[in-house]
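First chain written, first letter: the chains are A, B and C, and each begins at residue 1.
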Amino acid sequence: MKRTTWVTVFVMLALAILPPVFLWTGNAFYVDLATRLVILAIAAVSLNLILGFGGMVSFGHAAYIGIGAYAVGIPVYYETYGGIDALASYGGAFHILLAVGVSALFALLTGVICLRTKGVYFIMITMAFGQMIYYLFISMEEFGGDDGLVIDIRSELPLVSLDNPLQLYAIAYIALVIAMLMVRTIVNSRFGMVLQGARGNDERLVTLGYNTYLYRLTAYVISGAMCGFAGALLGNFTTFISPDMMGWSRSGELMFMVILGGSATTLGPVLGSAVFILMEEVLSSITIYWHLPFGLMLMGIVLFVRGGLMGLIKGKGDK
Amino acid sequence: MKRLITAALAATMLTAPSFAAEVKIGFVTTLTTGAAVIGNDMQKAVDLAIEHMGGKMGDLDVNLIYADDGFKPETGKQATDKLVKQDNVDFVTGFIWSHVLLASRKSALDAGKFLISTNAGPSPVAGKLCHKNFFSTSWQNDQTPMAMGEVLNQKGVKSLYIMAPNYAAGKNMVAGVERTFKGEILGRDLTKWGADAQLDFSAELAKAKASGAEGIFVFYPGKAGGAFIKQYQQAGLRDIMPLYTVFTVDGLSLPKLQAANFEAVLGSETTGHWAPSMDNPQNKRFVADFKAKHGTYPSNYAAQSYDAMFLIKSAVEAVGGDLSDMDAVRAALHAANYDSVRGAYTYGANNMPVQNFYLLEIVKDADGIWTKKVTATVFENHVDTYAADCSMN
Amino acid sequence: MDYTLLFIQTLNGVQLGLLLFLVASGLTLVFGILDFVNLAHGSIYMVGAFICASLTFITGNFLIAVLISLPIIGLVGYLIERLVARTLYSRNHLDHVLGTFGLILVLDTSVHLIWGPAGFAVPLPEWLDGRVELFEGVVVPTFRLLIIGVGLAVAAGLYWLVNFTKLGMLIRAGASNRTMVSALGIDISTLFALVFALGAMLAGLAGMLISPITEASISMGGEIIITAFVVIIVGGIGSMKGAFVAAIVIGLIDTLGRSFLDDLFKLFMSPQAAETSAPAVSAMLIYIIMAVILAFRPQGLFPPRVR
């Protein structure tokens, strides 16, 4: 097997084994950390589909996390305190359907406009749509506006209870594995080939008769829907949902996770989020000025490490 | 590897006894962003309190852990989770911001910890969401502006323009002043808050002026307060629309305003439960030592945090260091049997202080430093409005 | 409708717009000519405010402090160009965004370390701290008029610089054809460093001008940078004219939205809901406008001719 495959297996095994060990040794907080990590990794994997493989630099991907989280929060809020009955539910299936559906719809509506632009205009217009939805939720007084929404009840699913930290982690982990396999399958399909081809040479594919705009839009919608699912998990995990989840700096962090790990690779986004979350945790427990070394690290990686961590692992000979 | 494990085990065994002989306190506050100025002031007061106690509460050593909320509810909740799950603290305290407290309270209370707010007092925690293990050493948000509304009535102010930031506490402050103020409200502006808060109030001040109100009531804590005062002076509203504030002109903004010579604040009035000028031994020692150490007057945030440490100390001593007896600790906290810098107060059924509120004036002290002075008592032993909604479980 | 209020609010909007223009002009200059996305432009704006605040307390005069701070912030910009930006020119925009995202954290935390978290209230000289009565009933703070004046003067200066000077010609040529400029024997790397420093001075100047109104504070950069990007995207990247028009438009929309939107909302919702949702909706307004403009003109209002 290739070196990258070994590393992938190792990292995924570690993620499967460590959290239960943490719990049994009385380190419940590290299970929380791992859960956050895995959920953000799903978001990063979804972003990687369009950013890494599709060459679409979305600077507003955190919006889908927020949409997904509110798709859990709002039905729970209505079920608890009354309101619009059609939306009131504790049911996990309904939450997930809503999260994925609304995210896909938002991706479709904004994608139609965003994908008309190129380069830096694309970066900025995706950010603008992210900010738009950010301010939209701030303006929604009923759901706490700026203060956010505290939910006391998590999504109800058959067989498992999300109130149990280990079961919640297991769900998130399985979702991550499925997301990784999904992206891999998409990328290796004919659809994925066209998507990647269009990243390199759009005009040639257009001449060959492919409607690359539609291919991009489809990928954009899939990515948004996946990220919305991650948001639904995050909402269940934190039981606190606020517009902060979708600010532009959150989108920047997601982008950074992808680049840090290595874009257009299967494991890259996961590795990136792992290193990102761990560095954040370690540095912030050392000093309140942790943003300084953290920022220097970000700059150092962008300046000197091409291809991210996966690039380093791959080395020169192994392709 | 084996040796490493043995060493680790030995280390755990060694630390185990000292673990039992300490009281662990987690203090959540803002240490990054511009709002860190409030968190730092709290930190100074807490450190001073521990120093005054000689590092001990009863026989127990004090182990204090500061955590940063980054001025964000989500980060505050994460910090609380870590204090509760990893550090296993006995008390979670601190909390400047109402929205951070609301996001974090469940993490602390569900884990069976005591939660003591040293500033934030949003209406739910005093009312519907009150909890037997939640205490406050400050006030319920509505109370201080309610006192201000009463002052405005006494002064015969007929109409008012109101400005506050758009978050939990801002809305409470507005509700508070509107509850007691009997005149007419001619306009209300709730401005963007948070990390990208709005600080240029030109549009709002122009509206306020055009409204023709007899006075303007504002609540702008932290750096926004200084910004507001300056623009209020620059807009020339001082002569036509007197300024009434709560938690805006305080121990943190006054040194900055004095450095920039914004004399508009001198003589302006605010309300509060505490001022550096209060005459009791505990307060005199606190203010004098704080000034000697840091060169400025402590803010009310500092005073409330200082009190929280002595409140915890009184409870630890009352139970003889046995923190496992939650009921006894709770009863001791509820008794408020300690010397508060504000003077004696009691706890209501919802564990919020029942205390006096005073009219305060911004004055120059004997050394020419700008500070707050008590000029009159507005409310005596005031019970907050939401206490009625609290059914303690 | 109260026309006096409308006039004052329009003036406030123009003032905010010109301040935005100062930030956006530097951004569009660097972006248009160097093809470099600088997210840390807002942090330079903040650093400018802090340097000027310190110097105001040292020299005792705000205007002198501004004059001393300008070359200093230019130097800061020059150093950032040499140390960070230069390496990134040959990379894609994504790397620019991420690299300067890191730079924001570094600059913001450094300011926290150097000056503490409190920030500064910056005092003005007496003659600037007063008010001017423009005509019956319209009284505006003198300093806000000064900002309008400076903003217009800078706009005129930039127009002259770009269109009528040798540097401007090189700048325009450098943007469209780097190799040609190099062939003319001009050191393009020095030219780029100068442009970057000029951009930093413009951002720093904006920060210095706003600090007597709001305060010099750590988070001020993050508060303005996104709006500045919206301005240059709407205006068309690299277009000075576009940045000017878009800045004024966005300044007006923001201010007028904040002043009149809640009255508008009260027509169809409860007063309380109107008061709390109006500020957020007016914040949203500029992004909606940006999306609409890009939907119809994917290159902004005034796309540069040669790219």
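Keep in mind that, in the parts below, a contact is a pair of C-beta atoms (placed from the backbone, for glycine too) under 8 Å apart; a residue touches a chain by one contact, two chains touch by 3 or more.
Worth saying up front: this structure is predicted, and the values here are computed from it rather than measured.
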Give the chains in contact with both chain B and chain C, ordered by label. A
When I count C-beta pairs in contact, which pair ends up with more: A-B or A-C? A-C
How far is the middle of chain A from the middle of chain B, if each middle is the mean of its Cα atoms, in Å? 37
Express in whole angstrom the distance between the two chain centres, defined as the mean CA positions of chain A and chain C. 32
Of all residues in chain C, the ones touching two or more other chains: 112, 222, 276, 279-280, 283
Give the residues of chain A that touch two or more other chains, as numbers and ranges in rising order. 138, 145, 291
So which stretches of chain B touch two or more other chains? 32, 36, 166, 192, 195
Sort out for me which residues of chain B touch chain A in the complex. 31-32, 36, 68, 72-74, 77, 81-82, 85-86, 98-99, 102-103, 106, 166-168, 192-195
Chain B partner, complex, touching residues on chain A are 27-30, 32, 138, 145-148, 150, 152, 238-240, 242, 244-245, 247, 284, 288, 291
Please give the residue numbers of chain B that touch chain C in the complex, ascending. 32-37, 40, 166, 171, 188-192, 195-200, 202-204, 206-207, 210, 223, 226-227, 230-231, 233-236, 252-253, 256-257, 259-262
Spell out the part of chain A that touches chain C in their complex, as residue ranges. 51, 57, 59, 110, 113, 116-121, 123-125, 127-129, 131-132, 135-136, 138-141, 145, 248-249, 252, 255-256, 259, 289, 291-292, 294-300, 302-303
Chain B contact footprint on chain C (complex, rising order): 2, 4-5, 8-9, 12-13, 15-16, 57, 112, 116-123, 129-131, 139, 141, 143-144, 210, 212-215, 217-220, 222-223, 255-256, 258-259, 262, 271, 275-276, 279-280, 283
